[in-house]
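Paired with subunit B in one complex and with subunit C in the other, subunit A is shared by the two complexes that follow.
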Partner chain A sequence: MSDQGPELPNFQPEAFPGAILAGAQSRLIPYGIPLRFFVAASMFQIVAWGLLTYGHADVSAFFGGYGVVLAALHALTLGVLAMTAMGASYQLLSVATGVVLKSLLLCRLSSWLYIPGTGLLVSAMFIGNTPVMLLGGVLAVAGLALFGVTVGTVFWQSKSLQATVRHGWVALISMTLLVVAGLSLIVDFNTGFLGVGLLPEHAKLALSHGLLGGYGFMGILVMGFSYVLVPMFVLSPTPNPKLAGVSLGVNLAGLILAIGGVLSGNTAAMIVAAVLGLIGAGIYLHLLLKALRTGMKRRLGLSFVMVRASWGLLIASIVIGGLAAIVPLDFNLLHLFGFILIFGWLLTFLTGILQRILPFLATMHAHKIGRPAPRMSEMGHQNITLKLHALCHGAALVLVSLGILLELDVLVLLGGGFGVVGAVAFLWFALGVSETVMTLYGKEEQSK
Partner chain B sequence: MRHMVKRWRDNDVVHLDLRGLAPPEPMIKVLSEIDGGADYPIIVHLERDPIFLYQELEERGWSGRLMNEEQNNASGEAVVMIELKPDVTR
Partner chain C sequence: MEYSLDICKTLHSDHMATVRMLEDLEEALSKIGRNTAPNELSPELTNLLNGLVSIMQTEISSHFRFEEENLFVRLEQMGDMPMLSILRSEHDTIRPLAEKLTEVIEALLAGGITSEIWASVYDMGMELAEREVFHIQKEEMGFLPLLEHVITSEEDQALTVAFATAK
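Right, the complex of A and B next:
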């Protein structure tokens, strides 16, 4: 199989008449690799909202343990968020840093382990089968480990993008701690070994694991990638790496304090952590809003409406998290916190960025094979799909949040329904864009 | 690492040496030159093939072509010829 194009049978891009850039664009990995992650993420998004809708009556009552809510949560965190991050990292990190990925086999292998592993884990969380949960967890973690090795190598070799690389390391360390905690929680379902001696209690470890996943692994990764992707999309100078480093340091201090506070039951530590989180996020937003102001591109479209909204939700998640540390049970603040963090900030940001990355990748592949690319704005029936997605996503966030706050399950049901419709629209978009690329490669095949 | 932009003219062609700039600065410099009213061919010297640039050029009616594909990896320099498309006038 060639390493230059999508994984189509007998594909030999070197032979294409228009393949001026084939050799030099070795940093453009086969389309099939990022695509499988993006399509899987788009499908898991439907699953996540679907499960939330199905389990609408359990959302406000969720206090840990397996079942439909845990399954919905992980369909989203592992199925959508980490899945998107993996596909995007494999393609964009090497393009941005100039470091060529050493082994595409590792990327493929990670997808073969991670995608079915996540499916298995989510299914087992839903039905409450601990051995299958462990099997799915181990497969998914193996996929994440290969991802860690691959992007860790790029970070190690990269001579540029210091801010992103530093964020990347912190994200990878958080990922390692997160999966150790995740696997321990599964084992604890059957053995009850947690809480004995110096080991943390199950519920405290679960919350720490959630913080490590939301802010540590995904949050820090998203922030690090923002420093490359946002300037690239808006055509602005790179944000000040020193300030980005300060933001990272403050965020990290906040995260450590928050986890320390959860594990020791120290409310003051959690509140200080939220303040630090606000300062760290404030610096991050200051840098990126400046990039938007100074960028050469003015019309940024729906994608950046989503990105801006996600930034508001980032701040909201930290404020709600701080309040939840003081009065967790009032207005279901702890639940609202988890929802705004995962479905709000992270999902809104990633779908906003992904709707930009997908057409972008398509044009890069078109250029590679010397084919005229369709206009980015015309790919994937955006006029319908992305608008529908944005509207439904917004409605879903508002309705589910209100449903949690007011303990009105019917609002969660309604919001979840909107989420499903939005997610279907997003999948329609993702498939539409990939069809464009496949058609381009198909035409090349025929013209040989 | 150098951070100076070198610009010189060789007959009708303007050269921009943007090596040493962190991405996406090289791209911004090229697009600023074009948006500033250039109608002449430009040869850009970069550290690597500017994959993201081509779409932006396309949108502005320009074309870009990597000239030293074979040597690219060995020399650590990518030389890209940028021209206004024949059917586009300024």
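Right, the complex of A and C next:
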């Protein structure tokens, strides 16, 4: 072979999808930043299931307004889903796109605002204190705004992973609309300004807020990240970016139509939206199932049992949502729709992926400080914690769904209890992995 | 994964064979369990272990060395590559593990099925499967695409011949 290779003036080692592995070590941000979001998310998961258990008798009767059910919903959406998305985005987007984060202070500042803000908001929703709710909401929104600026800058500068970046933009726009709607809903609790003139009614705006959060912000973000993470874990080629773009377009059309239908009370629009959602989700799943089929790895472990289950729940959520548009009061379909969307699809997917990301990051940090990487399977007592989490999570989803459908509060209570146990197991896992990394850094400090 | 360079295709082919073999090993070991040493080795398990010894010899004695002496060096000419220090560090972890595993498998195949030897095969086999597959994951997603960007067609031919000779 020749001694000296060609000059490569435009060489960019990050300009291919696998750079998430190739460049990870050099673009790792301090472990404490993603860790605080992941640990907070694991704690809020316990809070969310705990509140659902506590308010089991109110779940089927919930039609808006503050109280335990609203608090449980936001502990899950803001406390777990968005929290995980923030921690993952700060670390993974940087290494995946090759764009270095300009300021870690913004990431830290967003955590200082967002984590206590979410805690305050959830607490105030539980006790029904609107001014505190507004304070918590403003803090959480400020944290989200900093998150939006940070990841928006990465999207703007990124020249690779266009499918993920396009999804990211749609997610950020949805997030902006979502927080405007959310703050408006809080203010309306005291002022009652909604429903006057051209302004939408509280209940319709609340449902739109839910759609924007579930499918718009979190759903689209999750889909965008899937196109990077799933191929990486299964060792497959990157999914076709054009088809990913088609899926995004159809999903976006479905979302706009669904929100338009909800705000105008047009059932036909909501049904068409559900059909579009099924097509968009179908293309998304076609791409990822192809990745699973063509991937080099066949044994994907428990995390992909969760991921596959979440994909089924994605389809189920859209079908139930479409049915709820036609007969919202039969079998509590609207409630079931919200539960399957948030606790089903999104929570199952994120916990499935997070159980791969946490040990993966730990090994990268070990390499960064020149220590032998610990075995991923030995971190966080996985044989107990993740199996217990998966079993309890599955049982919780089944029992609460049945409880909602059959209006049997005792099943919601039982399911919520399983959810709490599973969430405690997941926190045990997250803390166990964190302890591994902290020990590595402790040894590094001692050796200096 | 689709590669245009012959050297990447060859390395990929090695990776495929290794991943398949190690996944089969994980499955077989999981089915039997650590604490239940078999009374005798089934023909399937014997074949699998023989294949594994062969794969480990080609993976370790030729594949790793070829990468380190030819490809890592080539990339390092372009500047500091943090990824390469990870890959080297993993080679250094996997190499002695594979050597030890080869020794205990050979003892097992020679008829020495004791609960102690079986537990060693189980522990080291599971560890090797996890570490090597994760290593291959990095090479497939990071290292080989990087080579595709860097290696010229002239270099590709020379490297492919050199790798065939090294094996």
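Here is the rule we go by: the second predicted complex is superposed on the first by the 422 of 448 C-alpha atoms of A that agree within 3 Å, B and C clash if a C-alpha of one lies under 4 Å from a C-alpha of the other, contacts with A are read in each partner's own complex, and residues count from 1 in each chain.
The rule is short, and it goes like this: contacts are C-beta pairs under 8 Å (C-beta built on N, C-alpha and C of every residue); 3 or more make two chains touch, one makes a residue touch a chain.
None of the values given here were measured: they were computed from a predicted structure.
Undergrad: First (subunit B), second (subunit C), both or neither: which does A:161 touch?
TA: first
Undergrad: For A:332, is the partner it touches subunit B (first), subunit C (second), both, or none of the two (neither)?
TA: neither
Undergrad: Quick check for you: in the superposed arrangement, does A:98 touch first (subunit B), second (subunit C), both or neither?
TA: first
Undergrad: Is A:376 touching the first partner subunit B, the second partner subunit C, both, or neither of them?
TA: both
Undergrad: Would you check which partner chain A:298 touches, where first means subunit B only, second means subunit C only, and both and neither mean what they say?
TA: A:298 contacts subunit C only, not subunit B.
Undergrad: Have a look at where A:367 lands relative to subunit B and subunit C in the superposition and call it first, second, both or neither.
TA: Both partners, subunit B and subunit C.
Undergrad: With the two complexes superposed on chain A, say which partner A:111 touches: subunit B (first), subunit C (second), both, or neither.
TA: The answer is neither, since A:111 touches no partner chain.
Undergrad: What part of subunit A is shared between its subunit B contacts and its subunit C contacts?
TA: In subunit A, positions 20-21, 23, 25, 232, 235-237, 296, 363, 367, 373, 376 sit in both the subunit B and subunit C interfaces.
Undergrad: Which residues of subunit C touch subunit A once you look at their complex with the stated criterion?
TA: Per the stated touch rule, the residues are 1-2, 15-16, 19, 23, 26-27, 70, 74, 77-78, 81-83, 85-86, 89-90, 93, 126-127, 130-131, 133-134, 136-138, 140-143, 145-146, 149-152, 154-155, 158-159, 162.
Undergrad: What residues on subunit B touch subunit A, complex-wise?
TA: 22-25, 27-28, 31-32, 35, 47-49, 51-52, 54-56, 58, 65-66, 69-70, 72-73, 78
Undergrad: Of all residues in subunit A, which touch subunit C in the complex?
TA: Residues 1-6, 8, 11, 13, 15-23, 25-26, 232, 235-237, 296-299, 363, 367, 370, 372-373, 375-377 of subunit A touch subunit C in their complex.
Undergrad: Considering the complex alone, what residue numbers of subunit A touch subunit B?
TA: Those residues of subunit A that touch subunit B are 20-21, 23-25, 27-28, 95-96, 98, 160-161, 228, 231-232, 235-238, 296, 360, 363-364, 367, 373, 376.
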